[in-house]
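After this come two complexes, each holding chain A, first together with chain B and then together with chain C.
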Partner chain A sequence: MADLPLLTLLIAVPAAVAVLVAAMPRHAVGPIRSVSLVGSLVTLGIAVAIVAAFEVGQPGFQLEEQAAWIPQWGISYRLGVDGISLLLVGLTAFFMPLVVLAAWHQQERAKGFFVSLMAMGAAMLGVFLALDLILFYVLFEAMLVPMYALIGIWGGKQRRYAAIKFFLYTLIGGLLMLVAILYLYWSAGAQGFDYDLLRGLDLTGTEQLWLFLAFFAAFGIKVPIFPFHTWLPDAHTEAPTVGSVILAAVLLKIGGYGFLRFSLPYFPEATLTLAPWMLALGVIGVLYGALVAMVQRDIKRLIAYSSVSHLGFVVLGAFALNQTGAAGSVVQMVNHGLSTGALFLLVGFLYDRTHDRAIASYSGIMRATPVFGGLFLVTAMSSLALPGLNGFTGEFPILLGTFEALPLAGVLATLGVILAAIYLLWAYQRMFHGPVEGRAVGLTDLTPREVGVVAPIVVLMLVIGVYPGPLYERVNPTVEALVDEVVAVAEDADLATLRHLTGDAGADAELVIDPPADDEVAVDDEEVSR
Partner chain B sequence: MDVDQATQIDLFALAPELAVLGASLLVLLIELFLHGPRKRFVNPIAVLGVLVAFGFVVALWLDGAQRSSFGQMFVVDDYALAFKGFFLAVALFVLLISYRYFSEIRTFQGEYYFLMLAAFLGMMLMPSARDLVMLFIALELVSVPGFIMAGLRKFDLRSNEGAMKFFLFGVLSAAVLLFGLSIVYGFTGTTTLEGVAASLSAGEANPLLLAATLFVIAGFGFKVSAVPFHFWAPDTYEGAPIPVTAFLAVASKAAGFAGLLQVTFVAFEPLADVWAPVLGVVAILTMTLGNLTALTQTNMVRLLAYSSVAHAGYVLVPFAVVQPGDAALNADAFSAVLVYLFAYGAMNIGAFAVVIAVARRHPGRRVSDYAGLGQRSPGLAVALTTFLVSLGGIPPLVGFVAKLAVFFVAVEAGTTLGIVLAAAVAINTVISLVYYLRVARVVWMEEAPEPEPEPVQPGLALGFTVGGLAVVTVALFVLAPLLWGAADQAVLIASG
Partner chain C sequence: MTGLAEGAAVAAPAGSPAAWAWLMAVVPLASAAVLLLVGRRLGRAAPWVAILSAGFSLTLAVWTAVWLGAREAGERTVVHTVATWLPAGDLEVDWAVLVDPLAVAMSLLVTGVGLLIHVYSLGYMEHDRDIPRFFAYLNLFLGSMLVLVLGESLLTLFVGWELVGLCSYLLIGFWFDSRANASAAKKAFVINRVGDVGFMIAMFVLFGAIGSLSLTEVLPAAEGLAGGTLIAVGLLLFLGATGKSAQIPLYIWLPDAMAGPTPVSALIHAATMVTAGVYLVARMSPLYVQIPEIGLVVAAVGAATALVAALIAVAQSDIKRVLAYSTVSQLGYMFMAVGVGAYSAGIFHLLTHGFFKALLFLAAGSVMHAMADRGDIREMGGLLRDLPITGGTAAVGTLAIAGFPLTAGFYSKEEILAAVADTAGGEVILAIGLAVALLTAFYMARWFALVFLGPRRFEELEDPPHPHESPLSMTLPLVLLAVASLGGGLLNLDPETGLLAGWLAPSVVAFEQTAAIIGHGLLEAIAIALALVGLAAGVLLYRGGPRVVSEASTPVVRFAQDAFRVDELYRAAIVTPGHWLAVGLAWFDARGIDGLVNGAGRGTAALATAGARVQTGFVRSYALAVLIGTVLLIAALVGVWMAAADDLMLLGGWR
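Up next, the complex of A and B:
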């Protein structure tokens, strides 16, 4: 078992299914979806095997696989999984059978739909596993075309606009990242694109700053961070249900993952310099997303903006630069995937029945369809971080970590949690309570298939909500090593460079550096006062 | 060099060219004796000639020795063989996409195939030419048949106009080129590329000499349709028969780049400080103007024409980072040009092949004709999407490898110009995807007009070309090391 190249299989199985489905006749919808389902279940099985084989407590990469690809430039095929990627890989694989099931009755151009779905799955899993920067970039961009197709072919009215907007936003960020990757390569002496090889380079402060910004272009758009978020509500609203689920559950996580995987360890000085700005952007994202969500009339758009808000927490956690925050941000990514994914699924089921997403069209759904109402309530509660459900287990550590780093940001972000409760409960009240009116009249409750799609997610929400320990056990060692590395650089760094960059780095640096012990703080003060 | 050596002819070294020459004459002769629809059988003869020539190229490659003829004017080395192999592969595909097109037009088949093979003969001489005179002969041998072929659709005014423009620009640039060459000869006293380089690095840079190098570069700039010498391209591309357009956009352009490589990297290398920044500006202008104009095109052939102008801009980027004396960097730049050209050839001919297939049903060649192609002809639609996305440089397709190669040297140079060029390529890639994806959108996301047109039947030769090139476009991504290795092997400056 341990000898199997599990990580390669994890990417190869969905890719092979995509090719297989592409070769099947167009009208064989039944076999096409069966093959897709089996393929995604096998993928999930491999992911479970990876989780089982993963050794808890190790901070580094495990189950590594490596082969040369373009040897003359040191481009290799290297995969590996650590605490951060393990969770996201698990999340991705978990959602694959669910989205196939959710799209079970996809009739219109079903073949292309399932091919795109499986291709997306392969690329997304690959992105989290890739440990060669060119491989990472390739998979990062390879997702664009299937996702473009998913939104543009099977989406809503404005689908073409939304699809191209999504494509171009992501592409421009990605290309800037590519230029930065090549710059790193030449700075490292042109030996290769291996993840570890390009880590800890001796870059000047200015170089770090520019490179950080180039990577930020890719990941900040992906997260998305305010003000680069404008593609997301369009993409979410216009995408078919399954597309929205993939976007919310997995695709957006690549941004947060990229920050933790690349931005922090590669550019520690720039991270320290810019952390206050990133925290500020995170807070703006949290509050802005929540406020805009509050005034939405379209329930899907509301959830899209709630995504912007919740992903602001991920940014906060990552740039709080302490272990609590960073670990929370990884768990928050998983939680956001579960709760927002489930919300999009449920709204999709509703839309399938009525073809209407306006909040005002519904009233008293709870009475008409109690199963649907109940599941929606649990999911909404999870999304607004009710203690006992999963949302809380990620957001609370993030708030703690943020407070530790920058108390003001912590306080403001907490407001975001309150706002989330307001917009979600308000929408819930308008749509689900009251007399059965509008489109809710004659609404049929969820079918067993639909319950079967959402139930596993709800079960996970409860499990993680009560017992998040296993997640943290796996994330913590990796995150601890990461944060220690960044903070160590902060101590070693010539803070004069920082001062030069920020003009007045003293105050900023002090705020963001996690002070683990008194003597280290003293060192910082000394450096600053010099 | 004594007289014996100078007049010695190595027939084996010339075998590929002789095969193509023989085939071209045979085609012209045999066509006279064929009548009516049978005239189309000259196509297989031409294909056969190309295959034989390809066999000779492989034999020369296996032989491995560096050969030369006519003194040092004609050299066969890895660089020349790589380009010859590439040109012959292009010739094969151009002939395959011509078959149906010309057998249905039924005009000038013998003349067409003769001219096409003659042009490819010129192309094959180009990478072997190590002498300014030989280069000029090769370039003209590529250009002159092109003028005529562009005007083969005599019944179409646009074809006449395009051919006329092409001709006028062509002779003008040939004059400029010759003028430059004569000045270079006057200063250096030699016409061999290496001799020019040696003389240039020894002597002082004279303003007139610098102007002469720019004249020469401008002459090739016409061939590769670089801004501001590109004005002929869109009209000529639109008016010419589509296989000729594919030929002009890929083969003729690649031949221009082969010549430019030899002239700039070998002969004018000592003056790179002067011409490299100029080419950098030309590169940025070319890609930006090409892409911005392509954005507004509604005619598929014009869209591809402007896209090919933009691609010439990307290929010029490695030229712009050349630094005199820095052999390692220059070798990487050289290799990047080769990688880009080979990749570009595969995907662009593929795109034109699909256009030819669709143009049989929709002679208007409008982008809107492609509506619903994904439903009507899924195979062609998948292939077209593959080619367009690859032209846009999205992985996992060969276009990405090409873009990567260009980015690579631009950043490697480490100069401000290099970074600016990399950023320009990045921004232009985004712009270009707007129109590539617009076509993809029409293909997949728009309904076919009512009544739904018949499915497009590409036929065997076209179908093979489209399918084969689509596979190549994907496979060369996975096998990028092969492509790159071949390019690295073929770099001319290590030896020269």
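Up next, the complex of A and C:
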């Protein structure tokens, strides 16, 4: 088994299923979904094999596969997995069968629907595994098409607007990243697009800044970072349930992943220069998303804005530039995927029954449907980072790391835990407590299939909450190497920002609250780096 | 210094109860999970599963206490690691228990009172439709509280801290069909989270300074910390404590928490959970002892809370709300104690209060049971005849909380006042402490007189209840708690040589006298006189029923009845502005940011009208998208991304 090209298989299986389903007759809905389910289970099985084959404690890429693709331009097909991508691959594969099951009763244009799901899965898995920048870019953009279709064809009333907005935002971001990739290619002597080849290039401070910003356009929009986030509430709200789930659980993670995979190691000086600004954006995301979520009337929009808030934590962890924050950031991506994915699934089950997303339409759901109410409560508690459930195991290290990097940012972001309690419990109280009224009257509880979709996620929430060690064991070595690399470059450059961003934790017990570094630092940066 | 601060912690010997102490928490947690999943199928057996697991925890706690007591005094700080929990980057936190005299004392209280209240609930909740859920939550609470008490790291302590908050939320809102209950539950959780932010930031600061959150590493290192760090940590942890233990400024959730079933009020919102803040400060005594000025702040906040809550309690007419404000007030005493460095006195009062306040709440529950769930004490009266056991035990509780000589509350309150009297700068706090002693005796006597003495006013109600004494499952816990409330003083007859003081010595820093404001004999005499005056005045004034408030004092009384309108103040100062901020931001999001986005979209779409509008099927749109994408790649290379956006508008028309 060790010789099997597991990573290729992981991408090939869902891609093949997509092709197979596309070739099936349109009306064979039963076989279509069965094939999709089997395909997604096989994909999950391969992912499990990858996790089993992954060697813990080793920071670099593993299970690598390489083949020439377009040798004239140095474009290769190279895949590999490290601690960061392993978790995200696992998350993606874990959600695929659940998403198929959640869409089990999809009748309207079912064939296209399942083709889109499978294609989406293949592209997302590929994005996390690709170690050639052109391959990465192609898959990054390839995800757009099935997602655009999911929103645009099977979405709600405003689906066209939401789909196009999603498409444009992502495409524009991606294009700017492509420009930066091509610039890197020329800077490296036009030899190729291999991930390692383009890493550690001799770039000036100004070059780094511009390239960082170009990659930021792609990843910042994906996260999404304020003020580039407004596509998300529309996309989430209008997408069909499984579209929202895929968006929340996996697609948004590509932003955080991109920062850690590319921005930090490729542009360490720019990272250090801009880190205080990124932390500021992270804090804004956390607080702004939570505040706006508080006054939403549509439960899906509320969850969408909670995503903006929770992904602010991912940005904080990545740019705290210490191991605790970065490791927490990766785990937070998994945890957010689980909790928000489950929230969208549950809201989807409700919507299937009532076709109403307004919070005010419900009262007393807990009494009407206790199983649904109980699962929703556990999920909400996971989302508001209750210790003992998964959310806390990522959020706390992030806050700790952020505080170490920039105390003010850590303090402000910690206020987010109050706001999360407010908006989630407010919505819960309105919809689930009180006398059974409105659309809750006559509501039927979850079917075994629906419980079967959500239960595995809830179990994982508990397991990760109590025993997150296996995740961190795999992430820690990779982020340790990454952070060391960035900090080493910083030490060479002796940047002014360095002192409080990477200062030794134990050495200085005083609270140093410095304002974010201003433009002067950028200038210093240029002078230092030749 | 304490055993912990000296780094004297030893690993638990294999096979010793300390090595199994984690089961104290895990068994009730597992039982809660079972009850939540299959409780309905268990039917009448469900409560017994819960009671058995509580009994297991109590047995293990007693065994652990006996085992620990048999060890050398210097070896009573025992640590046992069960598993790694959170190894995130530089952070390393284990699932580990710290078994020391303080933890054992707390776990005895939690499991002992916990078991009694499990048994009591058997009778009290008999007719509820959600019995399995109730007992599941009780078990969940018991397990969570033991995580808090036994946690070896500040972070595992925090896990318990948050989980008991969750239980509080679930149990306050147990009867969630009523909006008021659900709202009270949410309020409790949110306000507690405000305090939690303080706790979390305190941990960040400590971790930054020490590089660990483990108590066995933090406390020994506390001595070497810089002054600023100590002050920050001391204040931030205390902020956390004010949330959980309902002190100014975060006390306002506790009175509303009475919406939960009465056994919950007794267990969580009187005897155990709300004392977690006191426990935290006592646990961190090696840190607090270095910052006596912050200690005085703690004591002052405690004193102010004690006074405010006692004043409000005098004006309340709900049988449970009087007790709720009384709890807030008594917690204030505990903070006075730990604030001035009298940690064992604070824990002593925590224990005795656990006995007599649990007793009073359970008695109140028994009364409400008899009164068909009515709670207005103005409508009661004369119930001593119908409810002799409830009334008699409530009388014991009333005497104990009032500080009647020789009761448990007398000794513990006396120790606190004596410690304050021996603290430099303690004059005002001492005066407040004495005033609150008078008020406590008064409002509790009023409470007792209105409920149990005088004319039977409920007989004039429409549909009058026919009170009867509660079943044995309810009266037995009352009697046991009454015994503890009477004899609890034996735990610590002398602040220095008492049993409890000696027991806690390895865990908390000893009190150090810094002044002598008043002689202890005189102080004791004053306190006894105040207690007797308060009790006599309360009984004499209210024996005949509620008093008509004179015209002149109506506004004052109304103000106290409305709890000084602090809720309204917070609403006007924080909640409403916060809401408008959120509304403003949501508007900005929809009109400001998205307005710009849509405007840009419309603008470019208008520019692109020259091009044909391609309105085709989706499949062709993809092909077009890919084609245009390719074109755009080239365009982007030239850096003309605006032009690229124009072309894209052809996709489907920007509506």
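Definition applied: the second predicted complex is superposed on the first by the 493 of 530 C-alpha atoms of A that agree within 3 Å, B and C clash if a C-alpha of one lies under 4 Å from a C-alpha of the other, contacts with A are read in each partner's own complex, and residues count from 1 in each chain.
Note that contacts are C-beta pairs under 8 Å (C-beta built on N, C-alpha and C of every residue); 3 or more make two chains touch, one makes a residue touch a chain.
Since the structure is predicted, the reported quantities are computational estimates derived from the model, not experimental observations.
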Is A:M381 contacted by the first partner chain B, the second partner chain C, both or neither? second
Given the touch rule stated above, what does A:L37 touch, chain B (first), chain C (second), both, or neither? neither
One more residue to check, A:L176. First (chain B), second (chain C), both or neither? both
Between chain B (first) and chain C (second), which, if any, makes contact with A:R159: first, second, both or neither? first
First (chain B), second (chain C), both or neither touched by A:R26: first
Using the touch definition from the top, say if A:A12 reaches chain B (first), chain C (second), both or neither. neither
With both complexes overlaid on chain A, does A:G469 touch chain B (first), chain C (second), both or neither? second
Based on the superposed arrangement, let me know which partner A:W186 touches: chain B (first), chain C (second), both, or neither? first
With both complexes superposed on chain A, which partner does A:A326 reach: first (chain B), second (chain C), both or neither? second
Chain A residues in contact: does chain B have more, or chain C? C
Chain A positions touched by chain B in one structure and by chain C in the second: 141, 144-145, 148-149, 152-153, 160, 163-164, 167-168, 171-172, 175-176, 178-179, 182
Under the touch definition given earlier, write down the residues of chain A that touch chain B in their complex. 26, 69-73, 112, 134, 137-139, 141-142, 144-145, 148-149, 152-153, 159-160, 163-164, 167-168, 171-172, 175-176, 178-179, 182-183, 185-186, 190
Can you list the residues on chain A that touch chain C in the complex? 141, 144-145, 148-149, 152-153, 160-161, 163-165, 167-168, 171-172, 175-176, 178-179, 182, 227, 230, 288, 291-292, 294-296, 322-328, 331, 364, 366-367, 374, 381, 386-388, 392-393, 396-397, 399-401, 403-404, 407, 410-411, 414-415, 417-418, 421-422, 425-426, 428-429, 432-436, 466-469, 472-473, 476, 479-480, 505-506, 509-511
Could you list, by residue number, the parts of chain C that touch chain A in their complex? 36, 83-91, 155, 158-159, 162-163, 166, 169, 173, 176-179, 181-183, 185-186, 189-190, 193-194, 196-197, 200-201, 203-205, 207-211, 225-226, 228-229, 232, 579, 581-583, 585-586, 589, 593-594, 597, 601, 618, 622, 625-626, 629, 632-633, 636-637, 639, 641, 644-645, 648, 651-652, 654-655
What residues of chain B sit close enough to touch chain A in their complex? 374, 378, 389, 394-396, 400, 404, 407-408, 411-412, 414, 419, 422-423, 426-427, 429-430, 433-434, 437, 441, 444-445, 480-481, 484-485, 488
